[in-house]
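Below is a structure I'd like to ask you about.
Every chain is named by a letter (A, B, C, D, E and F) in the order it is written, and numbering of its residues begins at 1.
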Amino acid sequence: MKVTVARKAHFNSAHRLHNPAWSAEKNLEIFGKCNNPNYHGHNYDLTVKVTGEIDPETGYVMDVKILNDLIKNEIEARFDHKNLNLDTVEFKNLNPTAENIVVVIWNILRPLINNQLELKVILYETERNFVEFAG
Amino acid sequence: MKVTVARKAHFNSAHRLHNPAWSAEKNLEIFGKCNNPNYHGHNYDLTVKVTGEIDPETGYVMDVKILNDLIKNEIEARFDHKNLNLDTVEFKNLNPTAENIVVVIWNILRPLINNQLELKVILYETERNFVEFAG
Amino acid sequence: MKVTVARKAHFNSAHRLHNPAWSAEKNLEIFGKCNNPNYHGHNYDLTVKVTGEIDPETGYVMDVKILNDLIKNEIEARFDHKNLNLDTVEFKNLNPTAENIVVVIWNILRPLINNQLELKVILYETERNFVEFAG
Amino acid sequence: MKVTVARKAHFNSAHRLHNPAWSAEKNLEIFGKCNNPNYHGHNYDLTVKVTGEIDPETGYVMDVKILNDLIKNEIEARFDHKNLNLDTVEFKNLNPTAENIVVVIWNILRPLINNQLELKVILYETERNFVEFAG
Amino acid sequence: MKVTVARKAHFNSAHRLHNPAWSAEKNLEIFGKCNNPNYHGHNYDLTVKVTGEIDPETGYVMDVKILNDLIKNEIEARFDHKNLNLDTVEFKNLNPTAENIVVVIWNILRPLINNQLELKVILYETERNFVEFAG
Amino acid sequence: MKVTVARKAHFNSAHRLHNPAWSAEKNLEIFGKCNNPNYHGHNYDLTVKVTGEIDPETGYVMDVKILNDLIKNEIEARFDHKNLNLDTVEFKNLNPTAENIVVVIWNILRPLINNQLELKVILYETERNFVEFAG
């Protein structure tokens, strides 16, 4: 009898989509205006879901305050008001597409959450584009 | 070939998180400001999803007006403008965490919906915290 | 290691729910005000999700610009600012319930998207009613 | 010391923009796809604001339940699940642009609300287009 | 050349509408289910707007971080996870209607904000009901 | 009898708050993480409102398609997927605070819109911070 608990958060970052193995022309062709050399940015909206049994003593699957602190300390502190390409180790050599960002966030959070809980991460890059990853 | 039909609803309730088996100190430590003795409250946003085959005569999986009436009569009438701890039998002896509320709602609705239809309930306690239960 | 990429779009259409095999009375009884002979309408909000592996060269599961173009050319161009019952071949003989619309959209998009990618379509008829179909 | 009280509501209608004094070509040129002869439709989101002094006995400027009933009986009953051009007297000879609709709604409500209260109406035709009228 | 800067915040409270000068019957007649003796609750969404000249050195009308701290310290700390009727001095003898709450918030904030800046407060009690006060 | 017509749009940009006349310490003290040398970014949501008389022939205050084209050509083309500090002439020597951006946008649009129409611009930098300017 598994219940899912979810918490939303957000961070505001600059990024640029770029593959250094390609020519400038190919980068522009594939990534279009997202390849702008001087970066652009987004308000990223993040939802983190954990799924598991309800603890009968607390009535919680996981204390959402603890989940929220994890997101603040591990994700917001790392990416908020940062340039993903220049200011983070995670995207020094990894193209910061929404797909890659959502996998990176899942990989950061997975070892920090009880492994009896399933983990899913949803990331909105804009109100109209979003990605999901569940491992 | 299963399609999901969903209906959103809402109710506004007071509640308090509290485990009577614990000391006041432990309740405060675990539940924080949600343990306030005089209660606080939320606008709960509810989504009920049913999944099944489309009836070829109506083009419906389930008539959403009927689903809406069920939610109004069974969930809103029970919980809207109520104190969950004091005014309901469901939470007289059950801590009204979002997790427990979503399971209670699912258990109320399950016998009232055709058992060939799958049922999932999503409950937003705030815009940033939500829970899901599918049995 | 599958990631889901989603894109939102919308179209504004008129429609009428009606089963020509039924009497006027039965149509009114089942479909209520949705059976209005002169039609009514909605702002349909559409989410299209594709799920698959991340291409290591692009960092994309599927280029969301290509997905967006597909939705514009195949769905919006067909249904936006149209009367679903009168102006489309899809609903000439099919009742345009939300359930039938979401299946029609999925069937239009499925052959146009790489068959190694899973496809799911979500359609909001109003802010409070929505349907989902994944094949 | 005036306070504004606002209530949101909605209705779903079909409509067509058309000026019968113009040629078909001019109608198409000016109104584009909104001129589709078979109509299209919208989920209209309506906000009604009344502004005045707080009644010290009730703490209300105007009882929002009464305002809500007015909107339901006078606006939703008239326009919801209707074809604005064909099913309403208001738009028999008036082009149902968002601007004209918002003025019509204001004119319906104005005599029904205490004339010591100011009245403003906001109407969303889509999530991205809206109009406002305050007399 | 005045610009408005706005900041959104929220708090979750229990409350009950009640006029102690009236009979129980009259309270129930006027306030309906909002008169429930055991309280109900809301997620209040608050927008605070300040209007004034842009400081040419900072490019700010008012530093939104300072505005945010004011809202957190003066409004959220006072009302969040509280019972407005029982836990606050402001509503000990004042009916906590949305109208009265928005005026109370404005009166708390007004002396704390530079008096060359205009102040307006908007308070959503539910997604569909809101109030505004500008002094 | 003036009606307001509004159109929403958006653009995604990188920016950095910085006053070159100040020391690095003072910039950090005043602008905090918004002073990050490598930039951060936002999804800016823009609402443009024009107010005037309804043209009796069209039923429009201003054709929203024309307003939308103006916003696309003059605002989105200039700022979308750009670094406001590095890629635009407007913010080469002007700190790109939300306040300054909203005034710049108003100044770009004002001469392009019929001067019998009033103009107001609203800009959301995040879901919780926004600014307004009406000249």
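Going forward, a residue touches a chain if its C-beta (ideal position, glycine included) is under 8 Å from a C-beta of that chain, and two chains touch if they have at least 3 such contacts.
Because the structure is predicted, anything quoted here is derived from the model rather than measured.
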Each chain counted as touching chain C and chain D at once: none
Neighbouring chains shared between chain B and chain D, ordered by label: C, E
Per Cα centroids, the chain farthest from chain C: E
Contact-richer chain pair (by C-beta pairs counted) among B-E and E-F: B-E
Distance from chain E to chain C - Cα centre to Cα centre, in angstrom: 41
Between chain A and chain E, centroid-to-centroid distance (C-alpha), Å: 34
Separation of chain D from chain F, taking each centre as the mean of its C-alpha atoms, in whole Å: 28
Touching two or more other chains - residues of chain A: 127
Contact pairs between chains, per stated definition: A-B, A-C, A-F, B-C, B-E, C-D, D-E, D-F, E-F
In the complex with chain E, residue positions of chain D that touch it: 1, 3-9, 49, 54, 57-61, 63-65
Complex interface listing, chain A residues touching chain C: 17, 19, 21, 30, 32, 94-100, 102-103, 127-133, 135
Touching residues (chain side chain F, partner chain A) in the complex: 10, 12-15, 33-34, 36, 38-43, 80-83, 86-87, 126-127
